[in-house]
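What follows is a set of structures for review.
Shared chain: chain A. Partners: chain B in the first complex, chain C in the second.
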Partner chain A sequence: MGNENRIINLLLKLHIALCLLFIFAPIAGSFVFSLNSDRFPSLPLGEFSTEWYRLIWEDPLVWQGFANTVVVGLTVAVIATVLGFGGAYTDFRYNFTGKSFYLALALLPPTIPVVIMGLAMLAFLSRVNLSGTTISVIIAHGVMCSPFAMAIIRLRLSQMDPDLEAASWNMGGNQWQTLRYVIIPFAKPAIFAALFITMAVSFDEFAVAWFVSGLNETLPVKILGFLQGQVSPRINAIGSLAFLSSMTLIILAQLLLRSPEDKK
Partner chain B sequence: MEANAQMEQHSEAIVTFDNVVKRFGDFTAVEKAHFEIGRGEFLAIMGSSGCGKTTTLRMLAGLEDPTEGAIYLDGEKVNGKATWDRDTPMVWQSLALFPFLTVQENVEFALKMRGVGKEERRQRAEKWLEKMQITEFANRNINQLSGGQKQRVALARALVTEPKILLLDEPLSALDAHLKVRMQAVLSNLQKDLGITFVYVTHSMSEAFSMADRVVIMSRGQIEQIGTPEEIYREPYNRFVAEFLGSANIFDGVVQGPAGADGWQVAYEGGETILPKSELPDGRQGQKVTFIVSAENMQLSLPDSGQPGIEASVAGEEFIGGTAMVFLETAGGQELKVQKSHDELSLLNLHAGSKVVVHWESGSCHVLPGENK
Partner chain C sequence: MTKRPTLFSLILSMPLLLWQLLFFLFPLLFLVAISFWTVRNFQMQPDLNFGNWERVLTRGVFWDAYFRTMILATAAAAITSIIAFPASYAISFKMSEKAKRWMIFILIIPFFTSYLVRVYSLQVFLSDAGIVNAAFGYLGLGPFPMLNNAFGIIVGMITLTLPLVILLQTFSLNFVNRDLIEAAHNLRCGRLRTVFAVIVPSAKVGLVIAALFAFILSFGDFVSPLYLGGGNPPTLSIMITDFTKSGQQWPRAAVVAIMMIITLLTAAFAAITYAYKERGR
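== the complex of A and B ==
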């Protein structure tokens, strides 16, 4: 095409390649070394080995951390998505004074530095005698994840013709029926995407979990524990698995968020 | 008022608007709407955007509540009654079909909301799909349909509960001209077949006049006139209606005195004419009078023909099918329009700037009652 500048195109491509390299090189490295028999990551590589995977498979501590992560992740996904849907629907449905303030407040948590968030959560949860329990991690992650769910569902609802809701009322559907048969079906792809993304966020979140989890550590907190004790290629193995599970969730969410009208 | 006279024609009303006012904050959307809609009538509410026609319809549907006054539906006062407790289905300008449901599911929706069982839902929906000739699309997705097909789905969906009244909010505005005319015929026939009341909101005069039994003309929240298309066209009530219809020339004159036994001599800027007494029964000398002469009742002559009338020059011409609308300007600056056949115009051999004399039969003058109270 005549209106494209070759040099700019080339620079942009280079830029993308560098971005991808910086993001994925460490992850790829970690993945490669997780399958390497050597104790320390160095070149040339040793033999191919699944030893480190076997070790973490047999480590009860890893399993415990993983179980905590899954329980927390699933619960948080549901709680955050329900809260997020409520916030998004409130925004779609109602106009009231102070609405922008309400929205700012609802979307605030991700902007708070995690250390401050973690400290505040710890201070609060220990007062209500919940600190150091799995529930405390669920509460903290629920607060942190619901804005993501709200943002995703809000975006979907903003694409909805407001007449759809009125049309449902007009055809005999009361407000609950309309919510069930019109609003939720319309927002369904976004609701599932929100479930996956909030689960992924909870999966990866370290700092706040570190403050409030006590003995019920989630996997990222466990990994830090391993790192402090000894440098082991097991970390690479765990990291690779964690990366795979997070990416799966995010990709699923992205697939759902493609406009459903485009799929046809 | 004329609206009251019209009311008595429909002794059995399905809808009564009793001095209904709707305000949004300081803005008055509908001001003292007072009219009835007859059972089985096709009523069009017409006006330009922001005139309050859609608000009127939404109040009837129960989507807005009147600020003052009462609305009666089938004898029952429905102020405050939720839209889901009324049976006033609406066909939306956006159609508002559910994109996540199939055609069949869309049509079944209102029955599902009313707790009708699955099998009965299917049968009743199929009946309407058949009636609207869209059976073959039953399992399609909404966005696989054309504009006309979507229109039919919207109609089937609204009619599936067999309501006594159907509300339509500019349903044809998104269609192209050809399809629009076809859908007008579909709607007209449907309304006659079903015998139910249609309330049809539109900004298009051609839609309103071609389908409706009666037309309500609104502007800035006020009802300007209610009547059959013929009545409104022949006898617009006031200046607004005459201008809105756009096919008449409006003159402001003063009664000079009687002209013969059954006429008044009236002077207006640029000329004099005779108004029939039937148009102005209680006229008197010096009275101000506003009257119209429709564009097709005006005659054109060349200045050298000696015909008395207003002198004007041609400003332009607009082609309207078999006729043309000639736009003229008088010496006093008034704009006039005259509709004539192409044959007649070619004899005059007009071009921009040509001088002509405009005249008309005194019987073709109509006094605007709303301007002469």
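== the complex of A and C ==
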């Protein structure tokens, strides 16, 4: 039995390793190809080269896309986190008729396929003369990102001692003061985590942005353009940089979410 | 805690509600409306015309795409679930708490990489002169065509869904009562039988929901069919982008989109009904 156990455990470990290899090979590949001189990388690999990074560095369109991405990402992070905080607190504190409708509306957007979201947004926003603007991308990403912010903050609120609020009220604090001095400080790590994570989601979202952005393309939409046009390892260079910035945001969020627990 | 909503509660709860009503629910309802509109001189005009529905639903092209998308998404969901299960099982039952947390963190990473970049990278791996075929070449095998066919599409869809499915399965396996497994072992239930007779049934809801998510994501994905499958013959999501981007046929795209939403809702309803069935037995 013990022997069989070891073989099975070994096989299971091997299986996990293969899954991780499958998941991460394209990501790692993109890094390697971005530093490789070949236009069509294959085995054996070509020479080390930073050519593709130089090309994107010198491309004004990439810079413009980058600027749009950052503007959209920052705005969306703030909007989604504010909306998500309100939603999370509402779910935490109140019971009302139609609450399940409220929650469904708040949390369902990520389950709608992006092409359908894109089409619906485009049709609606062009009707109100907003399609093709940066605002339209912000509106669409606000819809898609606020559920994530809400979920993150809601989880944190559920860790709060419910007596904390009551104590604040008993000591004469009104609802606003309680929000300002008790709830927001308690939820602060989650609020920052929500800001970073929604920003990262917005950074990588290309499909809906592609439908509604018109000429104000964000960087991921530029990548889609590159994919449709000529084959170019520039995609790998942009992708690697985007990956590094997203990862920085996620690790910051992770540290923020973890540290209060460790201190206790 | 009054019964009537206070100003405070309204200020906190209403912004999200208004935003999602105006920018999420309303656009989706508007999509239903424009499916009855007509296009003249590249301009959409409000109308109550069933022509778009008739044109789309009576064409073989649509139904071919519909069933192809259905088969691809179902296959991707099934294959991903089968590949994911041993991994989730090992993470949930064989790893220390610390290792578990690390695995979860590692599996979250792919969500924050660009799916487009991963698909582009997969093109390099899977092309006839690509990395995988070069490796096969060293063994004197191949080259195998892995791009611009169903294989490429499925590989792309698994890339998209595998991390999520492993995570969801792991979470549901974490909730399986460990005493049940102990009891099964004490009753001399074999290892494999324990998995299929004890663990899978008690984690059924989570496993079905994981597969459902894989199906939803694959069904709506247009990147893999386009860049790994070659885009021809089209899937439903490619039809939508084609109708919208090149043909200016938004009403017809809306018809396809509504058909997709109906299908997904049906699938979700069926899956959840199935997941909760027989639980009280």
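Brief remarks follow.
To be clear about the criterion, the second predicted complex is superposed on the first by the 252 of 264 C-alpha atoms of A that agree within 3 Å, B and C clash if a C-alpha of one lies under 4 Å from a C-alpha of the other, contacts with A are read in each partner's own complex, and residues count from 1 in each chain.
In the analysis below, a contact is a pair of C-beta atoms (placed from the backbone, for glycine too) under 8 Å apart; a residue touches a chain by one contact, two chains touch by 3 or more.
Not measured: the values here are computed from a predicted model.
In the three-chain model built by superposing on chain A, chain B and chain C fit together without any clash.
After overlaying the two complexes on the shared chain, residue contacts for A:L74 are found with neither chain B nor chain C. Of the two partner chains placed by superposition, A:L241 touches none, neither chain B nor chain C. In the superposition on chain A, contact is made by A:A106 with chain C only, not with chain B. Panel annotation: after superposition on the shared chain A, the angle at the CA centre of chain A between chain B and chain C (CA centres) reads 100 degrees, nearest 10.
Of the two partner chains, chain C is the only one that A:F33 touches; chain B does not reach it. Comparing chain B with chain C, more residues of chain A are touched by C.
Contacts of A:I139 after superposition on the shared chain: chain C is touched, whereas chain B is not. When the two complexes are overlaid on their common chain A, residue A:D163 makes contact with chain B while staying clear of chain C. In the overlay built on the shared chain, the residue A:F206 is in contact with chain C alone; chain B does not reach it. By the touch criterion defined above, A:G172 reaches chain B but does not reach chain C. Our summary of the superposed model lists a minimum C-alpha distance of 8 Å between chain B and chain C. Common to the chain B and chain C interfaces on chain A is no residue.
Residue ranges of chain A in contact with chain B, taken from their complex: 161, 163-164, 166-174, 177, 181-182, 185-186, 188, 260-261, 264. Residue ranges on chain A touching chain C, taken from their complex, read 4, 8-9, 12-13, 15-16, 19-20, 22-27, 29-30, 33, 40-43, 82-87, 89-90, 93-94, 96, 102, 105-106, 108-109, 111-116, 118-125, 127, 139-140, 142-143, 146, 150, 175-176, 179, 200-201, 204, 206-207, 211, 220, 223-224, 227, 235-236, 238-239, 242-243, 246-247, 249-250, 254. Within the complex formed with chain A, the residues of chain B that make contact are 61-63, 82-84, 87-90, 92-94, 96, 98-101, 109-110, 112-114, 141, 143-144, 157-158, 161.
Interface residues of chain C, counted against chain A in their complex, comprise 5-6, 8-9, 11-17, 19-21, 23-28, 30-31, 34, 83-84, 86-87, 89-91, 94, 103, 105-110, 112-122, 124-125, 127, 129-131, 134-135, 158-159, 162-163, 166, 191, 216-217, 219-223, 227, 237, 240-241, 244, 250, 253-254, 257, 260-261, 264.
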